[in-house]
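The block underneath contains the structure these notes are about, expressed in structure tokens.
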Amino acid sequence: MRELVIDDVATDTMLDLYRQMFLIRIVEDACQDLYSKGLLHGTTHLCSGQEAVAVGANSVLGPHDRVACTYRGHGHSLALGMDLNAFIAELLGRQSGICGGRAGSMNLIDLEHRLLGCYGIVGGSVAAATGAGLAFRGTQRVAVAYFGDGAVNQAYFPECLNFSKVFGLPVVYVCENNLYGEFTPMDTVTAGTIMDRVRAYGVAASQVDGMDIRAVRTAMQGALESARNGDGPVFLEALTYRFAGHSKSDPGRYRAAGEFERWRERDPIRLAREALTSELGVAEDTIKQVETECAVRLAGAREAATEALFPDPGESVSEFKA
Amino acid sequence: MRELVIDDVATDTMLDLYRQMFLIRIVEDACQDLYSKGLLHGTTHLCSGQEAVAVGANSVLGPHDRVACTYRGHGHSLALGMDLNAFIAELLGRQSGICGGRAGSMNLIDLEHRLLGCYGIVGGSVAAATGAGLAFRGTQRVAVAYFGDGAVNQAYFPECLNFSKVFGLPVVYVCENNLYGEFTPMDTVTAGTIMDRVRAYGVAASQVDGMDIRAVRTAMQGALESARNGDGPVFLEALTYRFAGHSKSDPGRYRAAGEFERWRERDPIRLAREALTSELGVAEDTIKQVETECAVRLAGAREAATEALFPDPGESVSEFKA
Amino acid sequence: MQLDFRGAIRKALDDELTADPAVILFGEDIGAAGGAFAVTTGLQEKHPNRVLDTPISELALSGAGFGAALCGLRPVVEIMFGDFLPLAMDSLLNQASKFWYMSNGQASVPMVVRCVVGAGGRFGPIHSQTPIAWFMSVPGIKIVGPSTPADAYSLLRAAVRDENPVLFLEHKRLYTVKGEVSGEQQSIGEAAIVREGADLTLVSALRAVPDCLEAAAMLESAGISAEVIDLKTLRPPDIPTIVKSVKKTHRLMVVEEGPRTGGWAGEILAAVTEECLGVMQSAWRLTTADHPVPYSPGLEDAFLPSATSIVASVTQHMAGGKVDA
Amino acid sequence: MQLDFRGAIRKALDDELTADPAVILFGEDIGAAGGAFAVTTGLQEKHPNRVLDTPISELALSGAGFGAALCGLRPVVEIMFGDFLPLAMDSLLNQASKFWYMSNGQASVPMVVRCVVGAGGRFGPIHSQTPIAWFMSVPGIKIVGPSTPADAYSLLRAAVRDENPVLFLEHKRLYTVKGEVSGEQQSIGEAAIVREGADLTLVSALRAVPDCLEAAAMLESAGISAEVIDLKTLRPPDIPTIVKSVKKTHRLMVVEEGPRTGGWAGEILAAVTEECLGVMQSAWRLTTADHPVPYSPGLEDAFLPSATSIVASVTQHMAGGKVDA
């Protein structure tokens, strides 16, 4: 991989990134609330704490790139530009949902906004992006796979990593290592290190502080550039943490004492906010205004979704495209 | 892994190892002949050239260890002690075959002789041995998986390697790298190196000259000892070559010019024979006698198998054990 | 003893672990955390060395179960959702289920694979499937799907004792169902008539059994007497019990929570037809449509068989010309 | 043009590669070596950048096919033997086949997975299966299994053109069959009456079609007139064509090379029964037994359906009491 160029994020860019992260965080809080009110069903996997990866990495994609992520995909979906109304409506199972209410929180798809899908099968995103990379051979397009630390032990990952390296595909693999797969600490079920595993395939790999949105952007820019240059697949391990439980019903008892608090100190939104105020000299009021705008947008989308129609069960459906 | 102790193979041991290798080689030649005579059916995968791995590695197993290998399993089966008559009879589809004629060349099973099976699915042997290792936790027993270079890219391998490392299972993984998977050169479809991949899991890995039976024995002794000590899984890459085609219908056109001849120079049987005569001072006549004995045994088994009954298609079969 | 379905499963596992040191449980998040559906809570504390949290490696899990079963253990592997079984399928289909035949009876593979299955929980298309049909045509494997806590307990114990690979399916909408668990032994492979009737035989399994019973009660008031059969074992299905019933009622309806085309209901209907064609007045299936399970509650509810849809289907078939066709 | 079945497949692939730069072929040993069954010989030389030799990674192959199809390619993936499909199944079942429905029609997945299938080649239990039943219950996937070179050519081209995932099965005992290949377009989903008859409808697919035709000729001399239907598409099966035939002949026999329990023949029998119960005099299946494919030639031959066993089964059913039961 080429030497990375440090990207001095301009103030308004940083404010926009902050806006996106903040929106995702309050959206996730709203999901929790909608769930408790019985409007969001089944289960849902919040990404609170991981916003800097979603927003930072996706913010440097090109318009023709494609992304596949996991069931923990709210942040990525919004960062890619999924319409907020269509997003919430999907979670509430409405006709106006991005997938007409058929897919739900775990399986969001939005091809118009570059999202090949949120994959409910651990490892599924890795394959989808690998295939996209195959389609992008010899073009300037890059495919990105997001997945968790747990996915590294799942068949899709090693098979696809080898496949894309062998064919030199333009794929960026981004592992969001949040230390746990469901309730199980990663290091109890993972031999060796993720970085070593990837490097053993001759794939360039680096780690990045997943709580620092500027670091994520910079690292992702480098990775994308390398893939776009035709240098084959690239791997990025983003060190992060989820502040919510694995899914809606998880109290998080498996966390070591003090761990949660330590990571909370490094809340990516708080870090970005601090950078805005102290480093970039943005006024507290300006930030408050951004936050208020987000809250207003969310409230509007939430209201619209709550009032949206449910799909008609009588509608005839074909299993095939004609 | 502990420091390996060099095993000075005594003359009669070496002669016995030679006997086994020689038998396997002439058995494989006989298979080719039986195939061309229409007595052996479907397809068969000969291990000629790889005998030193089969004989060397299996010769140092304990009586309670267990082995899983691949469709290229004639050598391993015989080295483990499978009855020659039952072996040939199976290949000819006879009732007296080791599996009653049901399994055939690719799927030999002989639990009495420690063989958990020859697996027709690439990677299957890796899983079977991993499971055996799970059953052997905390005992002095070791499970051994044999598989090819091609299997390293197949889902079973990385998943199982991680699994056995995580649980510290007594499994020895032996990769017989013969440079090809079917007709495809390994390096065209394999990113990085096999050794690096394994080491990335924190699994002790070493390479051994798979044409030198004494080297294979020594390496395998060390691997077994380490696994028996409770040090978890061990990996051995045996560098070898198959002198026959991938399967019965393969003319081997993919081989680079001169490659075959170079490896032929290192024929494990020839090397062992040379060691016997020049290093260990065994008389040519003694060796000839061993060879004749093998030929006589084979002729007898072949005749018995050719005359053996076919299984009765009318016999009632249950898909379940009662 | 009164237990809920989840508790019955837990007790069966606990009792098997206690009774036989060869029994071992492993799967994702089943140990320290007690499982994604809190089924295995407490078992690791009680049997620390034999209840293992594993990596997310479905193929290795089933493969290791297979190899361990060949070497003396009786593994009970949890594949969290039945939807993930395709990742483990090679091991079950090409290794475990073929071993007994292919080895010419040298050994069989006593392993159990447990999964949560079924729709109605708003889990969407990839966490709601009922994987029976994928394995229905695999010789050498048994598929068990209980509908009551008593059956869950007895059949899971029988599955662990069975010498063959068993796929044991737990419907997520049954976990909270309560019932008396007697501990009475049961054999895999036997269907049960759970309600007697004269006009029609309703065959189903898992969560559809309570639906059929509810439907039968509703039909009773409409003057239709339905016999309800709980298959309990899906593979091999207990065709003789159904045939006997159909010879009495002359009508067969099979209710399956799963896509119509290629579902197990087709197998039941076909096998019964082969024996009862001459005596059947009607025979049909009620299944889900041929598309994935939808997430939206209204779509999902309409998609699934229910007491109401069963009654509607019966009424339509028995009122229509088909009765005397 | 006279071609053998293998040549017809090769020509279809070649013509598709030539016609559309979005078509890409990949699989194990298909490129430089021309494939394990010499089907793809010469294609890599002709289309060097679009015929790829891959690692032995069935899950990655199908997964990459899926992702590539989402991004504008029309991938044709070879999974060498159908027996290996379980390793690729998650991608086909949970990803590719659900996409069209789950995305609410945002896109479908135009990919083809080709495999060699079937018994009779002495390849033993793990290289001889016919994987239809494993996928028969998967909504969103089509399964095609031609029995002649002409159909192989036309249907493979149609499969590559299809907007949905298609499993395309090539029976190993058909590769050397010769026939005229006209190149006439054909639609997936249509069965064909390949011989007309009055007394009995014989339904089958793949290698069993020539067996049925041979049986029909033998039955003719015994005074029984059999109509033979070649399904060609297994999923979704063309039930209307069969129903129409059964309404004429009043008897249905389905011949499947595959285990009886849970096989696709059950689906055909069930679906036809639901529509024809009143007019059928008999309905049954001839399948293989419920155990793996044996290696030994005598066992394998006895295990498989054949013209002789089809005739015997027909004679038995038409002579027995079942005709008028």
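When the chains are written out, they are named A, B, C and D in that same order, and each has its own residue count from 1.
Keep in mind that, in the parts below, a residue touches a chain if its C-beta (ideal position, glycine included) is under 8 Å from a C-beta of that chain, and two chains touch if they have at least 3 such contacts.
Since the model is a prediction, treat every value here as computed from it, not as a measurement.
Centroid distances from chain B, each centroid being the mean of CA atoms, peak for A.
For the pair chain A and chain D, the distance between C-alpha centroids works out to 41 Å.
Between the Cα centres of chain A and chain C there is a gap of 36 Å.
Chain centres here are Cα means. That of chain A falls 46 Å from that of chain B. Shared contact sites, meaning residues of chain B that touch two or more other chains, fall at 100, 102-103, 107, 120-121, 153-155, 159, 162, 166, 188-190, 317, 319. Contact of a single residue of chain C with at least two other chains is seen at positions 54-55, 57, 59, 83-84, 87, 90, 94, 101-102, 125-126, 139-140, 289-292. Taken as a contact graph, the chains are fully connected, with every chain touching every other chain.
Note for the complex: chain C touches chain D at residues 59, 83-84, 86-87, 89-90, 93-94, 98, 101-102, 125-126, 133-140, 235-237, 258-259, 261-267, 269-271, 273-274, 277-285, 289-292, 322, 325. Chain A meets chain B in the complex at residues 153-155, 157-159, 161-162, 165-166, 188-193, 196-197, 199-203. Every residue of chain C that touches chain A in the complex is listed here, in rising order: 28-29, 32-33, 36, 53-59, 83-84, 87, 121-127, 289-292, 294-299, 301-303. Chain B makes touch with chain C in their complex at residues 66, 68, 98-100, 102-103, 107, 109-112, 116-117, 119-121, 124, 126-136, 143, 155-156, 159-160, 162-163, 166-167, 317, 319-322. Taken together, the chain D residues at the contact with chain A in this complex read 24, 52, 54-55, 57, 59-73, 75, 90-91, 94-95, 99-108, 139-140, 142, 163-164.
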